[in-house]
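Each chain carries a letter (A, B, C and D) given by its place in the written order, and its residues are counted from 1.
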Amino acid sequence: MRKNAPVKIGPQTHRSSAISSSNEDTIVVRGRDLCGELIGHITFTDHAWLLVTGSMPNATQRRVLDATLVAIAEHGLVPSVQASRMTLAAAPEALQGAVAAGILGCGSVILGAAQNAGQLLHEVVTRAAAGSLESAAKEVVQEYRAAKRAIPGYGHPLHKTGDPRVVRLFEVAAAVGCRARHIEAARAVERVLPGVTGKQLVMNVSVAIPAVLLDAEFPLDALRGVPILARTAGLIAHLLEEQSRPIGFVLSHAGAAAVDYDGPAPDGFVPRDQ
Amino acid sequence: MRKNAPVKIGPQTHRSSAISSSNEDTIVVRGRDLCGELIGHITFTDHAWLLVTGSMPNATQRRVLDATLVAIAEHGLVPSVQASRMTLAAAPEALQGAVAAGILGCGSVILGAAQNAGQLLHEVVTRAAAGSLESAAKEVVQEYRAAKRAIPGYGHPLHKTGDPRVVRLFEVAAAVGCRARHIEAARAVERVLPGVTGKQLVMNVSVAIPAVLLDAEFPLDALRGVPILARTAGLIAHLLEEQSRPIGFVLSHAGAAAVDYDGPAPDGFVPRDQ
Amino acid sequence: MRKNAPVKIGPQTHRSSAISSSNEDTIVVRGRDLCGELIGHITFTDHAWLLVTGSMPNATQRRVLDATLVAIAEHGLVPSVQASRMTLAAAPEALQGAVAAGILGCGSVILGAAQNAGQLLHEVVTRAAAGSLESAAKEVVQEYRAAKRAIPGYGHPLHKTGDPRVVRLFEVAAAVGCRARHIEAARAVERVLPGVTGKQLVMNVSVAIPAVLLDAEFPLDALRGVPILARTAGLIAHLLEEQSRPIGFVLSHAGAAAVDYDGPAPDGFVPRDQ
Amino acid sequence: MRKNAPVKIGPQTHRSSAISSSNEDTIVVRGRDLCGELIGHITFTDHAWLLVTGSMPNATQRRVLDATLVAIAEHGLVPSVQASRMTLAAAPEALQGAVAAGILGCGSVILGAAQNAGQLLHEVVTRAAAGSLESAAKEVVQEYRAAKRAIPGYGHPLHKTGDPRVVRLFEVAAAVGCRARHIEAARAVERVLPGVTGKQLVMNVSVAIPAVLLDAEFPLDALRGVPILARTAGLIAHLLEEQSRPIGFVLSHAGAAAVDYDGPAPDGFVPRDQ
């Protein structure tokens, strides 16, 4: 039997992980005894904050994370949900495959914008320091424009005059007493956008979520996980509905009917009539 | 431009979905106004129960769902977490791809057992009706054995003398006043197993979770979604750690080193020494 | 630093893999020197057969595998292709995510039927031994019916009077001189179906592919990989088209428009008009 | 029943696809009759070129694509293959999920470099026009360095003094009479790298593949699909081996054993000894 020497990419040193450990009697998660301190003592939202940051959230932080997860978990038959339901229809033996297919649609264009919008707000707040958010916003937006970068979190194909989730999330943040530096930055960007881009684009949920989370001191780099976690709940609901009230093939039927074939074809070929 | 007539699988009738709808001002989820009634008013766990069942949970139900999600969200560098971290190491540009890879490992062998264990408990409780859980358990286990079906939810490679999460989940259920018919069924199965299979296998978390959820009247068919939702939180935590303290290539290095090549080879070929 | 002892599922013994090994100068695949014997000497189809079976195909086997891969690689905007294109539209930064989403739709209902149909043919041929395929076919189909198992590979929503790919694949097999025991079994099943099921269902490509491959001595258990490999080529073509001539959002638009909301809603709520 | 008006992202116009169409008797792929002109007449590699480009390859092009697919299909227990095998071990009921998990690892760091390396070569060749590849290479590499962009396709953790696949692919290209402008560009980059970066990094297969494919006039934007298609074949082989000679849990066992827990823990907690 020949032994394969493995190939390493990068330096070979011991690595560690600080998330979880266990022995026969005890499971430790982020330093806490899972059974003795966590199960039945904290909520799943507390646990998500703990897993991601290593610390328990205070009451304000938990309420803000709950609000953002609830805000973004579900918005109907969006592309990722349709992809998920069609996948389950074609592969009913594997729910996890259909969930995975839905999560693969949580990319930069729709649900992934929260991370990028958070980065934008972070840059504005950092640039402004103790000074004017308005000028910082103008500078940062101009830099994005010059680099041909889209401004994430503004505009929405449905909620054109205002995304109701934005209003509500800001109310919640105010009610729980968060500071509002990132919320103010988001408003500043909204105000400067017409001057710089020539277009009026109102805030959507993708910038409201990072605004309230950053004001609650949620880590910037963890923002991308929030829409993914939230949407997993929505996807599971849709897939359970798909199992008893299927629409997967109705969706694909309608999709195919909406697209023409405009490639070449052999003489005399006529596509099947509808 | 030629029009493609689409192919339908199954009867062509209108289909409907009852999960969510929206207009320019309002988003409705399971009949509730998302902004007016849900965001800032309910927890993410409430929302998950609502999405999946169509109804809000009562306090007992919320506490049980919270407890089960917290119990199963994280258990270290299990195979699906390793697959996820290795995927991010190879494809850092797409967090959703790494989450999806981790979710694909939530299948029948480890995390998917909750659904099957719930089915087992449901059969025992239904079979027993108002009578003896012990005899019903014996019958059902014997039927599984005769059909060469594994008994899901019993035994664990680490927690051999008792899975601490089982004890704690049952405590929580008792404390919130759930009826305990499915918990009792789970205990009955554990008692009859040695007699039928010749092996002592203690309950693990995969049967404890459905036991307490079914006793809280969570829908049987929705059980499969609970480990998936929970593990998404754990995966996100691991992936965020991977971004700053990577171990993905350490994992693959160690894995490759543990496996020999035992296929044929050209004369004189010697695998690379370690 | 504390050391985690890992948890093992199953016996701990050395395991091996016989597919590939390498050193600084040489890569070995299934015992062959990749650079010296394979690259530039064999086709990708040869390589696929070699990877999967450990042996090089003869000319007949290569032609049959080529024919089946070509037959199944592409069939328009089927559900898995739509899911894939919608995923790329939502997450354009990760082509591999969109390919993965499309592959997740290669499950039991549509593309996965090849494996099950191969199993059916194998049972018929084995049952018949040197005797009558007709009686064996009748027996096996009756057993499937009694167990409420669907008969995989028969019927098709579009090609109702005959799948043209079936005819062509059988021609190719005959032309290259394959024995035809599995093809004959497939025909026998088609003949007995009306008598057993009351329905006339003609062979579709999902049973023709295993028929010709099994007659070419392709391994039964490897059949499930053939549609997956083939469809990867089709998916890549669709995704490249999506990058320059996008239809992902057109597909999702049409899908959403085809489904009604029939859940409850707050008083006065009216979904957005089309 | 209330009708949901769908939300569109982007302009609403008819869209078309030019890849495939069908009616009851005929399937058209890129303008050809699948059954009449393709199945049994062309190889799978021909079909892949046709699907992706819309045209049949000539003999030179087919041989180059075959060579590149064979070169990259398999290289042992690399991270994506390990992720795939671990996923199958945890979810054996869904082969397509395990394939998908492996494909998700075909990202920018390892297998995705082919597209980026092709882009690099394209820039050098375009910049050089009819002139010196050496100066163009120097310019482009310096621009990458100034923008802190990694140079894709150079260096390899195992084949440090030369990737044997590079030599062989260039031999094949020369033998089939390809022009060698992109191969020469790749060599020019290799020559200028030490002067610009201070490091000697030899060409690896990730730049050799686009070099020969671009010289065979394969479309630049389609390069990213080549490693994905090739690796699907390797993944399927590994997964079939996993089904009869499993190593998934051996891999995860070894991985977990290689990583320490360095997070906090309750007093007295000791991780399980190995």
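The criterion applied here is as follows: contacts are C-beta pairs under 8 Å (C-beta built on N, C-alpha and C of every residue); 3 or more make two chains touch, one makes a residue touch a chain.
Quick caveat: nothing in here was measured; it's all calculated off a predicted structure.
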item: Given chain A and chain B, the chains that contact each of them; value: C, D
item: Residue-number overlap at the chain C/chain D interface, same or different (half cut); value: same
item: Length of the line joining the C-alpha centres of chain B and chain C, rounded to whole Å; value: 28
item: Distance between chain centroids, defined by C-alpha means - chain C, chain D (Å); value: 22
item: Separation of chain A from chain C, taking each centre as the mean of its C-alpha atoms, in whole Å; value: 33
item: Multi-chain contact sites of chain A, meaning residues that touch two or more partners; value: 1-2, 4-9, 14-24, 26, 36, 76-78, 91, 93-94, 96-97, 100-101, 104-107, 109-110, 112, 158, 247, 249-250, 252-262, 265, 270-272
item: Contact graph of the chains (line, ring, star, complete, other); value: complete
item: Chain A partner contacts - residues on chain D that touch it in the complex; value: 4, 6-9, 14-24, 26, 28, 30-33, 36, 54, 76-78, 91, 93-94, 96-97, 100, 109-110, 157-158, 258-266, 269-272
item: Complex contacts: residues of chain A adjacent to chain B; value: 1-10, 12, 14-27, 29, 34-36, 38-40, 42-45, 47-48, 51-52, 63, 65-67, 69-71, 73-77, 94-97, 99-101, 103-107, 112, 158-161, 164-165, 167-169, 171-172, 175, 219, 221-222, 224-225, 228-230, 232-234, 236-241, 243-247, 249-250, 252-257, 259-262, 265, 270-274
item: Contact set on chain B toward chain D in their complex; value: 1-2, 4-5, 14, 16, 21-23, 76-80, 82-84, 86-87, 89-94, 97-98, 100-101, 104-112, 158, 247-259, 261, 272
